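Both complexes below contain chain A, partnered by chain B and then by chain C.
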Partner chain A sequence: MNATIAPWLRFSRAYFRTCFAIMLEYRATVYLWIFAGVTPLIMMFVWRHLAAAEPVGGHDPKSFSFYFLLAFFSTQCCTVWVVWNVDHLIRSGTYAIQLLRPFDPWLAEVVENLAAYALRVPLNLTIVGTGLLLTGAWDLIEPARLPVYLLALVLAWQLMFNMNYAISLLCLWSERVKSADVWVYTMLYTLGGALFPLDLLSPGLRAAIAWLPFPWMVNFPVQLLAGDAPPFPGLAMQAAWLAIVVVAHRILWRIGRKRFGAVGG
Partner chain B sequence: MIEVHDLVKHYRVTKREGGFAKSLRAFFKRQYDTVKAVDGIGFSIAPGEIVGFLGPNGAGKTTTLKMLAGLLHPDAGTLSVAGFRPQDRRRDFLGTIAMVLGQKQQLIWDLPPADTFLLNKAIYGVSDADYRERIGELTEMLGLGTLVTRQARKLSLGERMKCELAAALIHGPKVLFLDEPTIGLDVNMQQVLRDFIADYNKRTGATILLTSHYMADVTALCKRVIVIDRGKLIFDGDFAAIMERMALDKAVKLNFSAPVPQARLEGYGKVTRADGLEAELHVPRGSVAATAQRMLAELPVADIAIEDTPIETVIGRFMTGGMTANTGPA
Partner chain C sequence: MMGRRMMGRRMMGRRMIRILKLVGAFWGNSLALDLEYRFDFLLSAVTALFAAGAGLLVLHVMFSYAQDLGGWSFHQALALYGIYLLLEEFASGFLTYNMGEMPELIRRGDLDFILMKPASSQLQVSIRHFRIVGVPAYLLGFGILGFAMVEMGTLTPRNVLLLVAFLTCAMLTVYAIWTMLHTLAFWLVRIENLSQIFFAVFKVARFPIGAFPGPMQVVFTVVIPIAFMTTVPASVAAGILDWRFAVAAPLIALLGLWLSHRFWQFALRHYTSASS
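Let's look at the complex of A and B:
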């Protein structure tokens, strides 16, 4: 195995096991976080009711069920707490412990996020699967699109994670960036399509927000799975935004580390 | 092993006086101060040395240690630790050093220390055979026993610090930075850790730079001390030389079974506190045993404790007492 990659994999495996053990200690909190993100499911009931008499914007109740159940799954995949984590580590002075390890702290955050998913995803899938069966929306899935849908979900997660990581590194300047986290999630829910399908917006507004990263994290994967959107340019937009945020956090890391004040004596 | 030349680290910190109006003004116009945490210090430490790094609070000790460990970037000057520039954070460098911060912990709070040890084994790529050998040694030297299988949050402060040290040493570092390793521990536990640090240095030849507020730590471990104050180096040399010159007395703390007036105590030494049933005196080191015997015979003593002069007091005297930088006693 490549001598550069091997230590990363060794650390990732060990840290994953450690983080998973910690998540198990706090499993109740992890599951509460899932239920704190049920806004798309509530919106499903609202829009189903509105479309009960006649379709709204071409969506009937079954179509809304499909959209919001999958939107719920997208937002769950995009739920990362890296800003809170890094903010806490820097303000409490324990970021120093991360910096003493011969790995970029980014890797530890990615692995911790994955460990949380290992606990959350089975419950998420159970909720979404049950919802699709109960509402009869199961048959709206285009099975041939599943592989590309999974790719879009991974890109959506990575885009959200790295965007948040870039924001978290602003702590090296301001030492408090938790409020930026709230802003990002507000954008994800509104402009991403977790409160309403984006095709209900006017074409002009849709075209404008298509330049932002948010629609590609929630709305796009759902439409992809339903066969309502082609893989391109969506995947290309996800990849482009991912490249932008990764470059941004590499630059912030390089400059910010020199400014790091190692809070706490 | 460690070379430091003209090291500088300044911080810009916001300043604001209390009160609503000042808060409002600061919102629109921030004011800043520059704190010269480290201001042009230099020293070198040979392989295998244990050096005490002393100074009052805010002197710049921890900032210097953090620069040596690669956590902070210096503003100016040069640093070399084991042949590496610490701020480059090269993998080989980070595998050569360890840092224990007495007030920060690397143990994973919710899991037993054994899990932190295994994580560090993976982080530093320690082989199974080396891991078994080191854990065996550390368990024996620190008396870890069953501590490693209990949740870290359920351990006492002293037990946690033992495990912190073990976790930091899994990869066999050649350079060890210890920032207040005995802070908050009871006297027995302080002694256990001191013995361990001395033994570890003897067994492995590791270079150790230690900060502490406890005179006993420095006395037991360090032949050489570096003293800094307000970011400037004011002494680098033999610890015995400072003690000879500045720790001229010991503190004698007394509890009485019946009130004793201050006037009656003044013949024994310099009275720093006296309130009838309790008193504290400073007595010349050379005559402390004889004076204590006299007190026990002549006064209604219920309890007596003889303590070293606090390190801050020695350094305080030292800074006003005519020692010169880098050269030891004037």
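Let's look at the complex of A and C:
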């Protein structure tokens, strides 16, 4: 057991250090991309302004601040660049190098993603923390929920990551995978609840989208932390969708890798 | 005296016709190219529908709880959203696609070929390609705008003329900011990250500026003229145009255009072809 995992760990640690060094070199770019995801914070100002006179759907400005600051954090944890990476690797032929390694290319992508988080999350936490302090929404956090909140965030990240990884493998068939990625992010922001709290939707619509993975990636962790949603069925839905996308990309990988012809390599 | 003025006017006219002919040739060329990729057209139509649907859902949710958004009714906000979609495609589709080539042109020194041609280099770089894949987004924008105006009963010939004028001002303002941002490519080679900041700020434009708290309204009017991009043309469509904005909008557009032209010329003086 140990003998099979040890080389994976050794590779991950070394690759993480390389990726982190690269990210650190391009830290300006990494931080600039946080700006690309400020939509939930813009929505916070609009909804707060709407609720200034009287609560909107049971939310006052403070509750909106809490919701959107943490929805921002959820979306930041779900921002992965894997489609763009793999698309570039496959198209430029550099993917051949990944295939030569005795590890699944999936591992390298996960490690690179983690290296980006190591740089990004401290700044994200600073933004969210400052916002919570300024708006006084700090006390809406249910401290006992913190461990299960972290678990939900990790699952949300893995779900988004593996969904995008499955999409990125479609690059082996089609050259237009990037637009599929744009759809996924539109769905994540809209149906995930980064533009409005999902409890403002009509019950019928809400029940309909509950079958999709998106509400469980943004809205669910926020409600979990506030103590407004129970850990189940949320965690179960996350796990089920995670299993589906992982199986999907394993199948795509098995069929698709034979199609790779090292174009332009 | 008379003669010279006449001649000047005729020169001006000839120049305009030349520019129009040039644009016609450019766009005919890119159309021929785009027809090769019919699947892309379908894909972009679906993407545009997704994005517009998401925005409409947000408006729907907001107005199922609130009577107005910064003093704007549902249909007024809808008209504004239509205009936002038009300008969004104009900036992120049309201008980015054109100006996105800038860093490469500079890095490789290919800008030399453009500078050698007897036409404005800024024009050649900024509006060379018109992509047919942008058409679905424009149609959706115009459709939503038209629907909202019919519902409000503001679709009169006078309003349409005013709307064309103020939409032109808005497009020129977006164009000016966009080209100035991309002209920075002469000094900073990686520009696509900088444009992310513009996109983040531009997302604000899908709501009337009245929807934001006071200090932010000032920033979005005076510092970054977001208000002149969507709020002003939309208030024409809604029939609630404020005369102060009506005066300021053309001035801002012309000032922006002049600045972007001066900045482009200033940047060209710093360009020392990379190839040689």
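Going forward, the second predicted complex is superposed on the first by the 261 of 265 C-alpha atoms of A that agree within 3 Å, B and C clash if a C-alpha of one lies under 4 Å from a C-alpha of the other, contacts with A are read in each partner's own complex, and residues count from 1 in each chain.
Note that in this section a contact is a pair of C-beta atoms (placed from the backbone, for glycine too) under 8 Å apart; a residue touches a chain by one contact, two chains touch by 3 or more.
Everything numeric here is computed off the predicted structure, so don't read it as measured data.
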Contacts of A:L50 with chain B and chain C, given as first, second, both or neither: second
Chain B versus chain C as contact partner of A:S179, first or second or both or neither: second
Partner chain in contact with A:L125 - chain B first, chain C second, else both or neither: neither
Chain B versus chain C as contact partner of A:V38, first or second or both or neither: second
Chain B versus chain C as contact partner of A:L146, first or second or both or neither: neither
Parts of chain A lying in touch with chain B, wherever the complex brings them together: 7, 10-11, 13-15, 18, 21-22, 25-26, 93-94, 96-97, 99-103, 257-262, 264-265
In the complex, chain B residues that touch chain A: 11, 62-63, 66, 69-73, 87, 89, 91, 94-95, 97-99, 101, 103-106, 108, 110-111, 115, 118-119, 121-125
Contact set on chain A toward chain C in their complex: 28-29, 32-33, 35-39, 42-43, 45-46, 48-50, 56-57, 176, 179, 182-183, 186-187, 189-190, 195-196, 200-202
Contact footprint of chain A on chain C as seen in their complex: 39-40, 43-44, 46-47, 50-51, 54, 57-58, 61-62, 64-66, 69-70, 190, 193-194, 196-197, 199-200, 203-204, 207, 211-213, 216
